[in-house]
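Below is a structure I'd like to ask you about.
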Amino acid sequence: MTVCFTTERMLHFGDCDISGTAYYPAYLNILNGVVEEFWAHLGWPWHEIIWKERWGTPTVHLSCDFSKPSFFGDKLTFQLTVTKVGKSSVGLKHAIHCGDEHRWSVTQVLAASWLDKHTSMPWPADVKAKLESLMAPDAPERRPVGGPQPQA
Amino acid sequence: MTVCFTTERMLHFGDCDISGTAYYPAYLNILNGVVEEFWAHLGWPWHEIIWKERWGTPTVHLSCDFSKPSFFGDKLTFQLTVTKVGKSSVGLKHAIHCGDEHRWSVTQVLAASWLDKHTSMPWPADVKAKLESLMAPDAPERRPVGGPQPQA
Amino acid sequence: MTVCFTTERMLHFGDCDISGTAYYPAYLNILNGVVEEFWAHLGWPWHEIIWKERWGTPTVHLSCDFSKPSFFGDKLTFQLTVTKVGKSSVGLKHAIHCGDEHRWSVTQVLAASWLDKHTSMPWPADVKAKLESLMAPDAPERRPVGGPQPQA
Amino acid sequence: MTVCFTTERMLHFGDCDISGTAYYPAYLNILNGVVEEFWAHLGWPWHEIIWKERWGTPTVHLSCDFSKPSFFGDKLTFQLTVTKVGKSSVGLKHAIHCGDEHRWSVTQVLAASWLDKHTSMPWPADVKAKLESLMAPDAPERRPVGGPQPQA
């Protein structure tokens, strides 16, 4: 899978607990902001689809491994990968680093849902096409023989 | 496994998003308060072990399934089960209901850690013994010979 | 003025910052929960007026003095006084103690507002009458000699 | 007084309540991040003074007027003014706009404090000098001779 969106966040005072490391609900508030930024980057900012079209993408599954603590003041890099696109859901993977050190990772499933009825809905066709385009593998086997090698 | 701790929380105004349902980082802030209450119930309130002994139990793994939305004003019941006790970790399972309806479930791993060094530590012997006592299976040794085997 | 509502809150792990004392936005999240509990106590729980009648009581003014720090694990007592009732607003005063020690105080103005139009509305007559009844001074000097003594 | 620091924040999904407008404790979490950014801009990032020198600048007074609601997706401009510098305190004023519309305003007092002892401390000399330099009035030397005196 290919990382399709990268962004950064500093760990702020208000995100940290008595130990000076991230309070995990604050971590997830940050993560939600990253996913919000990803949707704006795709062209469907949440505040537009929610206000104008009354649908959203609530999280139905979330799994986190907090491998190493992050400290107040750390600058974190969030890398997002689309892992699966369903009729009305999308699987995401997040890898979070500080410099070269891996800090935590997440798998997450979002479900397209009507805001007022709280029921799932199929993705609009253009949203689904966009999400699927982000899953395209690096496809090295389809590069012509002797062509350039992929770079990290 | 046996549920060894049950408590209740109302979903408050400040926990809900624009759809009137729980914002998931707020859900996890509530969950963290439930786990804090569980440790006080066991006899090791976090504010005592943190202030006096400088250790805590940060979350190293968390996996959540949000099956059905919870609404502002809902009264939720949290049921906690101890699933595994390691040298310096404990596995928990949470089932959250509103009345008879299942709303979300969590598996979580906490690791005993020194607050200042941010390194793991073995459970104090009395803490470990207490956690293990909560895992007591439903007395399989008392099943008649040749009876059915427990299933996972 | 008379204190007309008293409740308690413990300062939890998730409310505290790196110094082990209350993070002030978390303090205000707690305060908002206290005001929510006050309205339920009056007979107009926010989740009922919001869901059924589409009005609420957003805060339009807030002034806080944080006199002394509160520490993780402290048990705080919140005392609420109604100081003024207007056509569509109410003034509140909060005094927050830990045991005998004063910790912080708040003056706050709430405005009755339509949830969807975001415009102010006059209090429903029964709500206004209830709020006004809570402003009654203790007026012990006006009690007849030999009359009953006030109780806590 | 002169605005000495300006920054912007979008109102995110996680900052808003059921009405789609800012939840005021979330507003104050944002404000705290703005003040954190201001201190980094001055040259004393909180994570450096807290980790290395063990002092910080807790809020001892806060007064907010929420004049008009801000909506999910709004882009807010924060303008910060230093209004008073004491031996161990600083007064700040914040004006928050969305485009041309004034949304809310804050007066705030921070007190320099030892992180571990929770007692106030005098500003380090260089910090005090920097804060005082930000209070410089709007160039009085350019007022015509005999012209009106500036008023507080």
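When the chains are written out, they are named A, B, C and D in that same order, and each has its own residue count from 1.
Everything below uses one rule, namely that a residue touches a chain if its C-beta (ideal position, glycine included) is under 8 Å from a C-beta of that chain, and two chains touch if they have at least 3 such contacts.
Remember, predicted model here, so these are calculated numbers, not experimental data.
J.: Hop across touching chains from subunit B and tell me the fewest hops that reach subunit D.
T.: 1
J.: Looking only at C-beta pairs in contact, point me to the busier pair out of A-C and B-C.
T.: If we tally the contacting C-beta pairs, B-C comes out ahead.
J.: Average the CA atoms of each chain to get its centre, and name the chain whose centre is farthest from that of subunit B.
T.: Computed centres place D farthest from subunit B.
J.: Same or different: do the copies subunit A and subunit D touch each other through matching residue numbers, with over half of them shared?
T.: Subunit A vs subunit D: same; shared/all numbers exceeds half.
J.: Assuming a repeat means more than half of the contact pairs shared by residue number, which candidate in A-B, B-D or A-D repeats C-D?
T.: From the options A-B, B-D or A-D, the copy of C-D is A-B.
J.: Go ahead and note the Å separation of the Cα centroids belonging to subunit A and subunit B.
T.: Computed from C-alpha means, the inter-chain centre distance equals 26 Å.
J.: Using mean CA coordinates as chain centres, what's the gap between subunit B and subunit C in Å?
T.: 32
J.: Roughly how far is subunit A from subunit C, going centre to centre by Cα mean, in whole Å?
T.: Whole-Å distance between the two chain centres: 39.
J.: Note the residues in subunit B that touch 2 or more other chains, in rising order.
T.: Within subunit B, the residues that touch at least two other chains are 13-14, 18-20, 23, 25, 29, 32, 50, 72.
J.: Hey, how would you classify the chain contact layout here, line, ring, star, complete or other?
T.: complete
J.: Touching subunit D in the complex: which residues of subunit B?
T.: Subunit B residues touching subunit D: 13-14, 16-20, 23, 25, 72.
J.: State the interface residues of subunit D toward subunit A in the complex, per the touch definition above.
T.: Residue positions touching the partner: 12-14, 20, 29, 32-33, 36, 45-48, 50-51, 71-73.
J.: For the complex, give me every residue of subunit B touching subunit A.
T.: Its residues touching subunit A are 18-19, 21, 23-26, 28-29, 32, 50, 56, 58-67, 69, 115-116, 118.
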